[in-house]
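Presented below are the structures under discussion, each in the form of structure tokens.
Two complexes follow with chain A in common, the first pairing it with chain B and the second with chain C.
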Partner chain A sequence: MNSLFEYLLRLGDDSLIIGHRLSEWCGHGPILEEDIAMTNLSLDFIGQATSIYKYAGEVEDKGRSADDLAFLRFDREYKNLILLEQPNGDFGMTMMKQFLFDSYRKPLFERLIHSSDDMIAAIAAKSLKETKYHLKHSSEWIIRLGDGTEESRNRVQDSLDTLWRYTSELFFEDSVDEELKSSGIVPSMDGIKKDWSSYVGEILNRATLTIPINNWEQEGGRKGMHSEHLGYILTELQYMQRAYPGMEW
Partner chain B sequence: MKEQNISILEQRFQEKIDNDIKIEPRDWMPDNYRQTLIRQISQHAHSEIVGMLPEGNWITRAPNLRRKAVLLAKVQDEAGHGLYLYSATETLGADREELIDDLHSGVAKYSSIFNYPTVTWADMGVIGWLVDGAAIMNQVPLCRCSYGPYARAMVRVCKEESFHQRQGFEIMTNLMKGTSEQKAMAQDAFNRFWWPSLMMFGPSDADSKHTEQSVKWKIKRHTNDELRQMFVDATIPQAELIGLTIPDKDLKWNEERGHYDFGEINWDEFWQVVKGNGPCNKDRVDTRRRAKEEGMWVIEAANAYAEKIKVRKAS
Partner chain C sequence: MVAEKDVWNYLEEVFDPEVPVLTVLDLGIVQKVKVVGSSIHVVITPTYTGCPAMQRIEEDIIEKLNEKGDFEVSVDLVLSPAWTTDWISEEGKRKLKEYGIAPPEDEADKSVLFAEQTVVPCPNCDEKDTKMISHFGSTACKAHYQCNSCLEPFDYFKCLR
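Our next item is the complex of A and B:
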């Protein structure tokens, strides 16, 4: 297995799948300003996925384009976090998912900008700028919703309770990471997890929310084992490429 | 105010307009001018917002990453246009939420074109090309509209719309260069959207109740039929260039007039869709209403939080 290729798929699939979920909000946001914000987030993620897949295709060197990688793999070949494929739910659920993910992406990109792989460092530098805005946006909403009304607090606490079980996978590491760490391409998860825990704890505290305990931790996405939701995302995502194979659009 | 004074104000107002001096929010203006603008600008805003839905319908199914990003950016632009336009109505003293509620209760209208379903990918091409193209025809003259905030908003909107039109035409061009399935998809979309696009310019001049006064006030610079003719003349050569057949047996170049003659629009269909009986009227309005209702708790939370912060800062 080509570890760098595998790592890039994990990184790219995270961006693609959360970008897809955000794009489902388009036209349905609670207020116009948030419709614009979520579409903007989605655009950033689709842009990230495009650069990452393009590089993945070069690393793999089998002639696959960014589109081939985005649209023409089977379910078990997608390596995104299970967290990201979870349904949008209400606006609070979407923001909670976004917050938990952004809080992980920021310390990750802060380290990847020092990657010994120049392309990864460049992609991380661009993505980090975006991620800082994303995190500011989602953190502010979590505080507002948590410390807003009784209803909003209950809703967003429920979302946290639902999604918390998927957060341990953020820090998943296997032989792919071990190999890339030894050559200075990717950082260790230890520092990232520490940063994530302290930031998430601080914001959830300000939001008057309680971190749930005794959750059953869900993992598998990084190895291509997903929830039932991913199949439906791919059904929509891949529809045109599957129905009209090999055509230019 | 005395009637005599009002007539002096009206006279000065009309003089400004005749001299192409922009009317600004704090200037005196006749009540009818204000109401006409609120109606027109809010309808325009609603059209942008409802218009996000037929295109939003294809974002998750866009055929490749580039098309997905372009479509997302386009629909986001529409949301931005909606925002400027609602803000422009607020300079006239209107309340954005009340206007939106009028849309949701069916009192306010929006462009009927968005009551047609988008059933294939080619509809993204044809909407960008024809619908945004028709919007440009309508809106370019509005950049010189007598009301300052509306005119300035239109300058920016038109720049973005011309990108939208180009991306739509690019989609159509690619389809027409593609396989037989792709060509058939493009022609089918063109057949379905051609006539509704012509209807976007509104009823014929003979039946248009708002035109005359609006032209005098320079809210409108051309009549519906003039704009429709400009659109037909501009679009036919583009359709022919990429090999599309125009679904109008009466269409022919009229040498004498220097314009294309075209067939009779189905006005019965036009009025039916305006009245709410188009294929998607109910879905579109229900979707918008649901977004607001389901998002109400978010707005309440944001307001409650802002209030708490104010109190905390004060203490």
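Our next item is the complex of A and C:
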């Protein structure tokens, strides 16, 4: 197995799947500004995915383009976090998912900009600027909804309770990471987890939300083992390429 | 053979499709121009990774240079160093304001909830008493504001660094 290729798929699939979920809000946002915000976010993520897949294709060196990687793999070949494929639910659920993920992406990219791999460092530097902005947006919504009305607080607390079980996977590491860490390409998850926990704790506290006590942690995405939701996403995402193979526009 | 200086001049005629008052040079996205014989190589850097205008800009650069002479033109998109709004020229910032878009301000994107100051002067009346309506606007590079004085809603070219 090519560890760098594998790592890039994990990174790129995270961007693609959350980008796709956000795009589902297009035309359905609770207010016009947020409809526009979520599609803007989606665009940033799909842009990131494009850069990452393009590089992944070069690393793999089998002639696969960014589009081939996005549209022509089977579900088990996707390595995104299970958290990101979860249904959007209500706006609070979507923002909670976004907040938990943005809080992880920021410290990750802050470290990847020092990667010994120049291309990863460049992608991280570009993405970090966008991520900081995303995080500001999602954090503010969590505070506003949590410390809002009884209804909004209950809803985001429910969302947190539902999504929390998927957060341990953010810090998943295996032999892929071990190999890349030893050559200075990727950072250790220890520092990222520390930063994530402290930031998430601080914002949830300001939002008057309570971190649930969980005894179940759901992992598997990094190994291609997904929840039932990914298949439905891919059905929609890949429809055109499956129905009209090789089509371009 | 065309001089690199001339190519830079030609690029003054290529505009951002989404903010059509800015040239690609005002925007600061052209990193390098290289001329070898009859071939011209232009290196640009994207504003936002997902900005759909980038592909259009690439095509516009090729089209414009082909208009100017019989060149083989190639355009490369590089991510590093990452673009920042600091690269927008003073001239570009002036044109933005004239067009009704508030140019990027230092530290202006810090938000109200985090108890940080926002100072984006209204492009319509120059009043500093304005409020952010939304972090995101009609394109990836903009946020949405409103003036508390003249009540004009306006786009703000958000600071990215």
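One rule holds in what follows: the second predicted complex is superposed on the first by the 248 of 249 C-alpha atoms of A that agree within 3 Å, B and C clash if a C-alpha of one lies under 4 Å from a C-alpha of the other, contacts with A are read in each partner's own complex, and residues count from 1 in each chain.
The definition used in the following text is that a contact is a pair of C-beta atoms (placed from the backbone, for glycine too) under 8 Å apart; a residue touches a chain by one contact, two chains touch by 3 or more.
Since this is a predicted model, take the numbers as computed values, not measurements.
Colleague: Looking at A:237, would you say it contacts chain B, chain C, both, or neither? Reply first, second, both or neither.
Modeller: first
Colleague: Just checking: does A:66 make contact with chain B only, chain C only, both, or neither of them? Give me first, second, both or neither.
Modeller: A:66 sits against chain B, while chain C stays out of touch.
Colleague: So, does A:145 touch the first partner chain B, the second partner chain C, both, or neither?
Modeller: first
Colleague: For A:171, decide between first (touching chain B), second (touching chain C), both and neither.
Modeller: In the superposed model, A:171 contacts neither chain B nor chain C.
Colleague: Quick check on the superposed pair: does A:26 touch chain B, chain C, both, or neither? Answer first, second, both or neither.
Modeller: Touch partner of A:26: chain B, not chain C.
Colleague: Looking at the overlay, does A:40 come into contact with chain B only (first), chain C only (second), both, or neither?
Modeller: The answer is both, since A:40 touches chain B and chain C.
Colleague: Could you say whether A:121 touches chain B, chain C, both of them, or neither, answering first, second, both or neither?
Modeller: second
Colleague: For A:248, decide between first (touching chain B), second (touching chain C), both and neither.
Modeller: first
Colleague: First (chain B), second (chain C), both or neither: which does A:48 touch?
Modeller: In the superposed model, A:48 contacts chain C only, not chain B.
Colleague: Which parts of chain A are in contact with chain B and also with chain C?
Modeller: 33-34, 36, 40, 42-43, 46-47, 50, 143-144
Colleague: What does chain C use to touch chain A in their complex?
Modeller: These residues of chain C touch chain A: 46, 48-52, 78-84, 109, 111, 113-114, 133-138, 140, 144, 158, 160-161.
Colleague: Mind pulling up the chain A residues that touch chain C in the complex?
Modeller: Of all residues in chain A, those touching chain C are 33-34, 36-37, 40-48, 50-51, 118, 121-123, 125-127, 129-130, 133, 136-137, 140, 143-144.
Colleague: Quick one: in the complex, what on chain B touches chain A?
Modeller: Listed in rising order, the residues are 49, 52-53, 56, 59-69, 72-73, 75-76, 79-80, 82-83, 86, 121, 171, 174-175, 177-179, 181-182, 287, 290-292, 294-302, 304-305, 308.
Colleague: Once bound in the complex, which stretches of chain A touch chain B?
Modeller: Going through chain A, the ones touching chain B are 20, 23-24, 26-36, 39-40, 42-43, 46-47, 49-50, 53, 66-67, 70-71, 90-92, 143-145, 147-149, 151-152, 155, 236-237, 239-241, 244, 247-249.
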